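Before we start, here is the structure in question, set down as structure tokens.
Letters A, B, C and D mark the chains as written, and numbering starts fresh at 1 in each.
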Amino acid sequence: MIPTEWVLALSAVLFTIGVVGVLVRRNALVIFMSIELMLNAANLAFVAFARQQQSLDGQIFVFFVMTVAAAEVAVGLAIIVNLFRLRETVFVDEINLLKG
Amino acid sequence: MAQLPWLSLLVFFPLAAAILVAIMPANAHKPIRWWATIAALAEFVFSLPLWWRVIPGQAGFQFEEKLDWIPVLGAQYHLGVDGVSGLLALLTTFTTLIAIIGAWTSVEKRSREFFALVLALEAGMLGTFFCLDLLLFYVFWEAMLIPMYLLIGVWGGQRRVYAAVKFFLYTMAGSVLMLVAILSLWFLQKQYSGIPTFDLQAFYQLPLAPSRQLWMFLAFAFAFAIKVPMFPLHTWLPDAHVEAPTAGSVILAAVLLKMGTYGFLRFAMPLFPNALEVCAPYIAWLAIIGIVYGALVAMVQPDMKKLVAYSSVSHMGFVVLGLMAMNSQGFAGSMMTMLNHGVSTGALFLLVGVIYERRHTRKIADFGGLWTVIPVYSVIFLVVMLSSVGLPGTNGFIGEFLVLLGAFKHSVWWAVVAATGVILSACYMLWMFQRVVFGPVTHEENRKLTDLSFRERLVFAPLLVLIFWMGVAPQPFLDRMQPALDRVLQMTNDRAQMMAQADATATAPLASRLPAAPAAVSVPAEQGGAR
Amino acid sequence: MNLPMLWIIPALPLAAVALNMLFGDRLGKKGTAFLACGAVGLAFAFAVRAVLTLAGRSEEERQIVETAWTWFRVGDFSVDVSFLLDPLSAIMVLVVTGVGFLIHVYSTGYMAEDPSFRRFFLYLNLFMFAMLTLVLADNYLLMFVGWEGVGLCSYLLIGFWYEKQSATDAGKKAFIVNRIGDFGFLLGVMFLIAWTGSVNFERVFASAPHLFTAGGSIITIATLLMFLGATGKSAQIPLYVWLPDAMEGPTPVSALIHAATMVTAGVYMVVRSHVLFEMAPVTLEVIAIVGAATALMAATIGLVQNDIKRVLAYSTVSQLGYMFFACGVGAFGAGIFHVMTHAFFKALLFLGAGSVIYGMHHEQDMRKMGGLATKMPVTHATMLIATIAIAGIPPFAGFWSKDEILAKAFATGHYGIFAAGLLGAVMTAFYMFRLYVLTFQGKARFDESGGHAHAHAHAADAHGAHAHDAHGHAAAHDDHGHDHGHGGPVKESPWNMTVPLSVLAVLSVIGGWVGIGKPFIEGESWMGRWLEPVLGSGPHVHHLAVSTEFGLMGLSVAIAAFGIFMAFRAYLQQPSIATAMHERFGGVHRALYNKYWVDEFYDAIAVNPIYQASMRLWRFWDEKVVDGTVNGVGYFLEGVSALLRLFQTGYVGTYALFIALGVLALFLHFLRS
Amino acid sequence: MVPYLFLGFAAMLLATALMVILHKHPVTSALFLVLSFSSLAGIYLLLQAEFVGMVQIIVYAGAIMVLFLFVIMYLNLPHDVEKGAQIAVRRGIGWMVGALMLLFAGLLAKKGWVAGPAATAPADLSGGNAAAIGRVLYSRFLFPFEITSILLLVAMVGAIVMAKGRPASPEGEGE
């Protein structure tokens, strides 16, 4: 039996790696992947708690998160493709259309 | 018809019409203005019974409608009308009709949106006059801003965006303070009676410790003073008027400014009478300064619209002064001046609009000798100008005289200083008139001016009739407003007395004023002063 | 009901206005003239009928009140539109409608060639309406309607030739100066309302003795304010400045409004309110002094003016001064008497002057006239009568009224005022005969065949002479602003001008006889008895001995004769005297010629400072301070936003960083708790 | 046995995840991501979430990652150039934030923010994990499940519309 704490610790570290990835990389695609990492970290925590609580709700949530992730990736990648067409770049520090 | 929700229909008919106009095809200019005119005319006809169905002798609110709106907060959809709001509502429907007909040819771009907004504005204004629920009042009050903001910002002149934003922010600044005061009233009401409500009539019976009234009164007064506008909060007005399209100026001057004074009369004064007693002299002096100041500054304006705008500051000073005099002459004069100002200044703006439409300039220096070229216009201008100056026999005189009389009874100096405004108004108006209408034709362009068209004459005819009617036989108007005004006066005085007494009894044993919560007020005192 | 229908008297001219406005363009000049004159004539007939009804009653009942409707009623204060006919208003209404009718007729001739003929009669009828309302009103507020109404018509008629800058300036000046007076009048009325609760004459006068202490400060202030109103309307110091400028209007207007009727409204108001004024001795004293000072000052200015209408204008101011000091010394009846006689002879003088101007093709400078006696016989004869009347030679009208005023002043012990009156009388006689001599006697000083061209040449002169004028208007040339195209020789005016002249001339002779009193007949004069129900027998001082009365009369006649003699001598027989005088007293002459620089003084102390202050208020206070504050708040917020904007870089990384930092902050928060 | 397996998967997960964010080439990153997802699937299996583990492999490692790779290759991206002071600063901040986060998480964990009491009534797992999930999903979570389908539909439409590119308008794209 794996202790829930271990899984949570793993989840935390994975999440942090995702955060660091978002912060240090400038390639939008890699940032996107890092986000996926974070989502997976969250999923991991869900699964861990589901096991501890002997409930299926957590796993159901993971299922929904995955759906959202799939949708997000589809749209997000479409955006990136579009962006690349317009700007010839996927580097986020070259794009500041939102500047106030 | 008795069961018909008449007031609601009055409020929402223009809104429905606005929506209908808004979905018409954008380039169908002719049908758009016809339908807008028909809607405004129907609304006016439909509002005419306000003249005879609002029974003059009956002082309270009539045709009340009450529906739950947000039950948790105790906010209600509560409408009602009395002599004061009835007359102002009539003025509103009348002015809107005039403004719409007047704007027939002057609005070329986006006429659909323009007429829709004017109609929506009418709905907002009528709602503001009719509602008897403070939250509803606030909603209408703010809702009114938006169409006006757009009218100035889209159809305005050169600096329209600046003017529109200034207008909006100024008014907002005041009204958020008012919202805070409304909310604190609500809490006090809940604390006092246990029932959460925004109902105005309930607030009329809510005892407030005089020490608490001051801030709430100031918040209300600030909002209303901006709207009036009172010196020194008036600077949005010249900009808004100058930049606004003619119809916007007319409605702004004729109705929107009255919201401020109406607010004083309906809310600020009867709700916080003790605070009023403290503040009245200051407000009155500000009003008097406004009278003189507006007139002086109007005198040196090179732009006709700006001149009229500053004259509005001056005239509205009279209205506030009459209210602060706190006697029946002052009140009646104030109310008369509201109506007069609506008619005369509305007409003045229309007149300026007429030549602006033809010449695309409002500079006084660009005109001269108009009498030779367009005599009918000039004669109408003369009459309207005289009514604005307050010549006896025209409407302007009755209002100004009653206000001065009321002020005189309160304090001789008020009347003396305010009466100089009467001299000054003659100065700036006559001088403007002389430069525009008299003299030889100095600009060749002016020779080609065409005199008023049939449609324009149709616009001015009822205004002229009103000018003389209200000047020669104003009694029908006075009869309608007086019971309502007397009631406000009575209520204000009674409440002031009641709460001052309550305060005295509450504070005496407690030694400290702070805990003098409304709960400490004895119930008999409250009942005694309520009606 | 066999009421005399008072309301119809003012309503008739008003109806004419309405008809003229609606159908005037279809009527043509003849129709318009007929309509206008007919309405006023009919009003005169109704007035006569009403007055006869009044006279038919016993003395105590000589008062007719007719209420048309309640004008407005607020609280316990109410005002009716109602009319009052009593002996006082009877005199006024007869004078107004009578003289008004004559002047209407005269105008049909004088204005015959003006393109704005119809507008002229429109205004004129409107004026009649307002004036009759003023005179017939039975309360102060309705009187105020007429009061402002005549002011309006005066404004419109002075600026009748609206294309002329000087005319519209003068009109505006008249209206605004009058407004200053109205301000006083209105406040005075408010004092009455505040204390008596009514504006109705009868009620105010009945309650005044109980509510005010005689000589108290309230009644003094109230009456002083009302008198301020009177100074505005009746052109007294300090508000007389508008009247001379008012000569920019057509001459019949000057005759009707600025001589015979409107300007006497102030006197009428004071006499009407005599109950109040008698309770305020200080005010009466002020009135007397102001009246005397005005009489003297205007007379001195009148001595040297060259414009025929300006001389008459200053003479009017001066004569109004007489009326006021009559009131000031308590001789209200004498004041009204002088109002009446003055209306006759001054209207005649103006109309005569108009006739001269008409004949001279719009020349107004007396230096360009002379020798007209033979060319315009009717005008000459009637003018001569009027001149004698105003100079105060018995048995002409002016003598009786002026003498009564002087006698009353003397009898009440106002010797200073009396002396001033005498001095004024000399000057009146002098400048009026100067006018007469320069105009009608001596040699013709104009080009006989082409007066018109000549006049134009000199118009330039006049411009130069009046260049000092701050408003930049030229001398009051009664110029229509367009070419008449008829030069031609000087000739007599048509019948519709000369007939009114003749009628007025007759009145100028016999009009004063109704006031022949004490030394000639037993008891009060007819006029005095007629007015007694209104004015009461008065708090009369001891009557003068008959010998004193005759002495005073003799004195005033002698003085008038002296003035006349001097005028003939200086301007007809030995013109060198006049020139010598000019040179000798150059400074004085300049001061007089420039009207003591009062206009310039007012400009300097009031008009310009107010204008400058307003400009500063607008440019500095409004735009810099108030708007500056408002915009300042805006700029401040904008600055703060600009600062905050730096955080919004537009880079995703930055946002992500802030999110992460936010998470850290949350962690910290949970750690602390 | 299970704990060792877990530790093994965990080590692989972290290592591959680190490689995802560290490697310069996006394609390599993506491939490491596939690996990390797979190891995560293994952990799921160990945690008795068989269904989720399978879906993880199918949806994530399969569908989503293919999409990623497809896009990367479609765009034909070169190595990332990660040089310069700005990048260094950002990198420093990034790692510092990460470290702090871990530190705070550890501190929080120390305060006892972990694993509450175990549930008393275990879920009905008859017929295996997938069947159990199916029962719950199609009963209690039916409505959210349906909504999810709409979400996916919308995402699909959105993605298509965007990827299709706008028709060239005369005004350009407002750059």
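A few comments on the model shown:
One rule holds for everything that comes next: a contact is a pair of C-beta atoms (placed from the backbone, for glycine too) under 8 Å apart; a residue touches a chain by one contact, two chains touch by 3 or more.
Everything numeric in this text was worked out from a predicted model, so none of it was measured.
Annotation: A-D is the more contact-rich of the chain pairs A-C and A-D, by number of C-beta pairs in contact.
Compare each chain's C-alpha centroid with the centroid of every protein C-alpha atom shown, and the nearest one belongs to B. Chain centres here are Cα averages; for chain A and chain C they lie 94 Å apart.
Centre-to-centre separation between chain A and chain D, using Cα means, comes to 5 Å.
Here the CA centre of chain C is 98 Å from the CA centre of chain D.
Chain centres here are Cα averages; for chain B and chain D they lie 62 Å apart. With touch defined as above, residues shared between interfaces to two or more other chains in chain C number as follows: 653, 657, 660, 663.
Along chain B, no residue makes contact with two or more other chains. Each of the following residues of chain D touches two or more other chains: 90, 93, 97, 101, 105.
Of all possible chain pairs, the ones that touch are A-C, A-D, B-C, C-D. Against chain C, the residues of chain B that register as touching in their complex are 166, 169-170, 232, 234-236, 293, 296-297, 299-301, 327-329, 332-333, 369, 371-372, 386, 391-393, 397-398, 401-402, 404-405, 408-409, 415-416, 419-420, 422-423, 426-427, 430-431, 434, 437-440, 472-475, 478, 482. By the touch rule above, chain D contacts chain C in their complex via residues 90, 93, 97, 100-101, 104-105, 107-108, 111, 113. Against chain A, the residues of chain C that register as touching in their complex are 645, 648-653, 656-657, 660, 663. The touching residues of chain C, counted against chain D in their complex, run 653, 657, 660-661, 663-664, 667-668, 670-671.
The residues of chain D lying in touch with chain A in their complex are 2-3, 6, 10, 13-14, 17-18, 20-21, 26, 29-30, 33, 36-37, 40, 43-44, 46-49, 51-52, 55-56, 59-60, 63-64, 67-68, 71-72, 74-75, 77, 80, 82, 86-87, 90-91, 93-95, 97-98, 101-102, 105, 109, 114-116, 118-119, 121-123, 129, 132-133, 136-137, 141, 144, 148, 151-152, 154-156, 158-160, 162-163, 165, 173, 175.
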